[in-house]
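I am attaching a structure below and will ask some questions about it afterwards.
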Amino acid sequence: MSNTIIGPALSNMPWEDRPAGSQDVLWRYSQNPVIPRDATPRSNSIFNSAAIPYKGKFAGVFRVDDTRRYMNLHVGHSEDGITWDIEPEPIEWQFDDEELATFVHRYDPRVVWLEDRYYVTWCNGYHGPTIGIGYTHDFKDFHFVENAFLPFNRNGVLFPRKINGKFAMVSRPSDNGHTPFGDIYYSESPDMVHWGKHRWVMGTKPWTWQSTKIGAGPIPIETTEGWLMIYHGVLTSCNGYVSQADQPSARSTAPGL
Amino acid sequence: MSNTIIGPALSNMPWEDRPAGSQDVLWRYSQNPVIPRDATPRSNSIFNSAAIPYKGKFAGVFRVDDTRRYMNLHVGHSEDGITWDIEPEPIEWQFDDEELATFVHRYDPRVVWLEDRYYVTWCNGYHGPTIGIGYTHDFKDFHFVENAFLPFNRNGVLFPRKINGKFAMVSRPSDNGHTPFGDIYYSESPDMVHWGKHRWVMGTKPWTWQSTKIGAGPIPIETTEGWLMIYHGVLTSCNGYVSQADQPSARSTAPGL
Amino acid sequence: MSNTIIGPALSNMPWEDRPAGSQDVLWRYSQNPVIPRDATPRSNSIFNSAAIPYKGKFAGVFRVDDTRRYMNLHVGHSEDGITWDIEPEPIEWQFDDEELATFVHRYDPRVVWLEDRYYVTWCNGYHGPTIGIGYTHDFKDFHFVENAFLPFNRNGVLFPRKINGKFAMVSRPSDNGHTPFGDIYYSESPDMVHWGKHRWVMGTKPWTWQSTKIGAGPIPIETTEGWLMIYHGVLTSCNGYVSQADQPSARSTAPGL
Amino acid sequence: MSNTIIGPALSNMPWEDRPAGSQDVLWRYSQNPVIPRDATPRSNSIFNSAAIPYKGKFAGVFRVDDTRRYMNLHVGHSEDGITWDIEPEPIEWQFDDEELATFVHRYDPRVVWLEDRYYVTWCNGYHGPTIGIGYTHDFKDFHFVENAFLPFNRNGVLFPRKINGKFAMVSRPSDNGHTPFGDIYYSESPDMVHWGKHRWVMGTKPWTWQSTKIGAGPIPIETTEGWLMIYHGVLTSCNGYVSQADQPSARSTAPGL
Amino acid sequence: MSNTIIGPALSNMPWEDRPAGSQDVLWRYSQNPVIPRDATPRSNSIFNSAAIPYKGKFAGVFRVDDTRRYMNLHVGHSEDGITWDIEPEPIEWQFDDEELATFVHRYDPRVVWLEDRYYVTWCNGYHGPTIGIGYTHDFKDFHFVENAFLPFNRNGVLFPRKINGKFAMVSRPSDNGHTPFGDIYYSESPDMVHWGKHRWVMGTKPWTWQSTKIGAGPIPIETTEGWLMIYHGVLTSCNGYVSQADQPSARSTAPGL
Amino acid sequence: MSNTIIGPALSNMPWEDRPAGSQDVLWRYSQNPVIPRDATPRSNSIFNSAAIPYKGKFAGVFRVDDTRRYMNLHVGHSEDGITWDIEPEPIEWQFDDEELATFVHRYDPRVVWLEDRYYVTWCNGYHGPTIGIGYTHDFKDFHFVENAFLPFNRNGVLFPRKINGKFAMVSRPSDNGHTPFGDIYYSESPDMVHWGKHRWVMGTKPWTWQSTKIGAGPIPIETTEGWLMIYHGVLTSCNGYVSQADQPSARSTAPGL
């Protein structure tokens, strides 16, 4: 029953022990929030951060909503993963096709080291929300690749290595609003541009914390027992959505493995 | 201003002249319905037909809803394109992946001769409606390829030849219900399996017959002036949707041409 | 596999043979409508009739909506079950509790001979729709018993004899509007006033004619194989509800048998 | 105008005087919350408690939602009515009919001493929410009686003695969701199994704290002036439901008195 | 109880006697439709006509929806009130303020002779539907006055003379969609531009033909007993709205009389 | 670029400097709330205050919701604009037309000195919310003038002087509920009773803090650059409406200036 993470050790990963008496599988950092909502001059809120080890320190891409409520992505850097320096200006993407360059909104990023670069995926506005794919080598120049899917989609998360020779992504098909449904699907691609072989992975469960919709969280973690995907669920109360994050799936083995 | 269809002449295409006094661009066949609703023993309705010239005669794939309201695809044959013999049993698709073989619903087919075979696309139930792709060489054996997109999608229509070396399809991203919105998008594929480079083509117009949603109709027709795509629009009245079909677009030039 | 109806033969039951070529289990009367919509001076429509053999002829209770769209119950008589004389005035119920006498609406009646009298059930307005129970001995004097259930309920149908010593009814719990859901439940009563031991019988099936809601139709028919309950189903199209009536259940054995 | 509670004095009832300067009819306990949300190891929240004097101390049945958001009922005991020991495992009901034993959800209990035992009512999931009835003699063994009503119902509250020889309950017919309506009805039963003689008691009032729905709270209190029923109301704001509890009705005389 | 219309006799008013056996207060013309849907070359439907005696013959303003579903107003002329010549082009209004000239939609006209000219009111699109007011002297030149009210409004109907020295109009405040509610209000104006003293006149009645909304129909008719206002009502069925027109109010005395 | 407020200096206006480091155009008072929610004996909340200089001190009209959730207007007085004495009883309006005197709700007042008296506008319940207009000379006697518009309307705000010889008001046409839309319109009146020449001023912007609806805030401020109107916006989150107040428009020049 031993289960070991596959991958390099992260010796400087910030860590706080489980509180005394707690039996929780995940626990909150006692000094939350790590990122204050006004970490940039015009930010109204900063959240859904995507942090990654970078050159012995940490880099990240952050969702910053400004006071106009524009949602955009900003780069941040940190020595220790706790204290962050968020850039006041959003990332300026380089586009091959100017039609894709029109800004609508960009939010909820994920970052992963994959093959030879850092890939970023996020919810990208293009006639509706879909999954934008881009990359950077240095957290300075960012190249936009393509929207992976037709609208409407959210929570697109790349796997950290090719699976059976293909790039792999999980995502949650949505609608054009606040989406009162949502399951997780798996897709694969030879080139990060064309995606196919879409397969349903897992869905909602009535009368639970994940009764309305679910969505993948951070980059899946490969273990000796399979892929560990941490996902969030949403239930609908009489006062709207209640989101419950950081629930580990027992073990979600990606299709094709 | 001359505009000519590119492609072989269809000498036996059924034809009826425009009614005297009519200025309509399209007109209805005076002997409608061509296909009666009870053309098979258990059919409740038969519509959204996809007919195509085949060996000097005609073949087609038809949406047949049976009295249980199961929606499925049936083959039909005709000598003249007017009198049809619809098979009483639905098409039995051959699947490489058994997970895709579970029948949910299959409806609204289109058929096109493309490269070396007849491709069929339709609205295919797989954890929600999406675009199924299959093919046949003889209207007897039918092979399922893949679902082109993640759910939710309808009105997926292939172009009759590759464009810039890629297969090309227009489709309408939808939601999981009766979808009170819908624009037409263009996607391309190297292999009919992986699809990308999704581009928005055209959308709805308020206070018109196409104010709620639009969707591509039959296979686009290539002309000397560009691609002619006939599409339908839906408006929402106080009694539900009103669908108005067969409105020609002025001229819809496919992206990349 | 022989299956025989339990009960007295009805020699004068109107009958029309199945149309030639038809394989339907149920078929429409070729001279429909049996009851014209203006069979009474102020009626706007007359439907959902409950007819029963009575003294060698036929009697019935009919839903009559007048031009104000008030929904009420009228008595009708017929020599042959085909030609009906509907009374122009609605039934005047006799109430023991005046609070229950306030007219809101009464519609969709069923009539059954049970023990020693003719019981009528219908959808009765009392701070919302519920199932009213009343009886008559002669189709002249009608006594109101009670509302069987709390609102909201429709399609309450009594079984034609006691089951395990109790009166038995199927019904469909609803909401206070057009009710986009609905399953059939079974309840029992020692006295027609107090009802309990509610059990779920059957529900809806997605992607079929009965995907939105179902409801019992006429009085269940006892056969040597069990109870035959004919019910209707509703599906939701993009233009509202589509009701499909007269679908026989394969065999619905009442609980407790 | 003197109004006295009918019933035995409760000398050890926890009490806190009205705050100085307050004119409120009801006031909050200054040491709230009495029950912390993590009083059991896996609880996410604990509320809508039903406490009752028991053997000179106090016992109760509590709604405990665990971190999966399963809603279930737990027993608790207290010396003083303030400090409670909630059992970590939910009540295991004994069922005569196994069909009723399938757990869906159980929440919002009420407890009353009635005739010879402690009756519990709660919102019980059985193909939709309805009112479950059970009883215990000792807060150890719990017997399930029946669901009082067809779905959909919530806030079922028994009267603490028979009225006119019948058990009596108020309840709120609901729908299968968050129910944007709701009045209080009165029902009676000879045997706790079969319920009837349903009568409307009171409804909502527009533009007030009780404009969306109302529901009975704890067990009604008999006084020399009639029954005192404390109920709650819900209004709908632009951010969902706002619930306002503990509003005394002026005087609600039960029907039949 | 004698009730006489106040106003000049209309000797050439088209008339058809009540059908034998009918007790209806209003009855349909046996040769309906008077106006075919294709009375102009591009019309998809023509309805809600406003006809008026004009120079011994008849003139009118008609709602013509073209095949694009643009809703606009057209003039028509008739010798006998039965056979109409509808102009193929819509009315071109003359505007003092160009901001008001942007065409959105114009539909459901009424025409009345008032003081010294023919006034037209209709549902006019201006950032939402409201009541446009215009006039003509000759059914050739049409002048736009102003929108009487802020959006959202429909069914604005002028009285045929000033009341207490003011112009008078009834209308139905609406919302920006298909409006599931609607009562009739009375407003007055010194100058056709500024309107005030808004008073509620009459509302809907549950469980009737007028349960969803009501709206004034043609110009009110003055009688010796008061103003006769013919209005229409809408109820909501499970398949959308059902409109029932031409129901006479018993007698609606305008406020201020 | 200099911009100066037109009007008398308010030497005793309460003021607090911008917090150090803040670049905000507007900032919150550090001692909020100015008015506690229980400033009157039966108040549940007090907000949307309309304060104005009065006889060297300050007077105001306040929205007070009592514990029944009745919304009404109360007078308040203050020496310094910070410490307020709110009257426990609501304003008793004097009505010329008793039909208008029926209390439904009155909320969200604005007060302005205009010509010779203090005008009050507020959201007034009269068969739906609309804009009530009244006035006072002394904050003791209050006279009701009229409802400016037909329902449904909210956020009616008078300009502090006549414009082009007419009274001027901005308002937001609404619907009869929580109104998921809303633009600002301008109207004018010769007499405070009849209103017309309605013009659209500004609307919502997608994907911003003002994406659902907007509404004028306090009385517009005249500057040498034009009128400064401070307005609020609402966006719709997955948990209902989020209101963001006190956003200055760049410069909103009233029509006609």
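Read from first to last, the chains carry the letters A, B, C, D, E and F; within each, the first residue is number 1.
Methods note: a residue touches a chain if its C-beta (ideal position, glycine included) is under 8 Å from a C-beta of that chain, and two chains touch if they have at least 3 such contacts.
Computed from a predicted model, the values in this text were never measured in an experiment.
By the document's definition of touch, common neighbours of chain B and chain F comprise A, E.
The geometric centre of chain A is 56 Å away from that of chain C, both derived from CA atoms.
As a whole-number value, the distance joining the C-alpha centres of chain A and chain F reads 43 Å. Residue numbers of chain F whose C-beta contacts span two or more other chains: 239-240.
Chain pairs that touch, as defined above: A-B, A-D, A-F, B-C, B-E, C-D, C-E, D-F, E-F.
Note for the complex: chain E touches chain F at residues 99, 126-128, 130, 146-153, 171, 173, 175-176, 181, 183, 185, 187-191, 193-200, 203. The touching residues of chain B, counted against chain C in their complex, run 41, 67-71, 104-105, 125, 178, 239-241. Of all residues in chain B, only 23, 207-209, 211, 235-240, 244 touch chain E in the complex they form.
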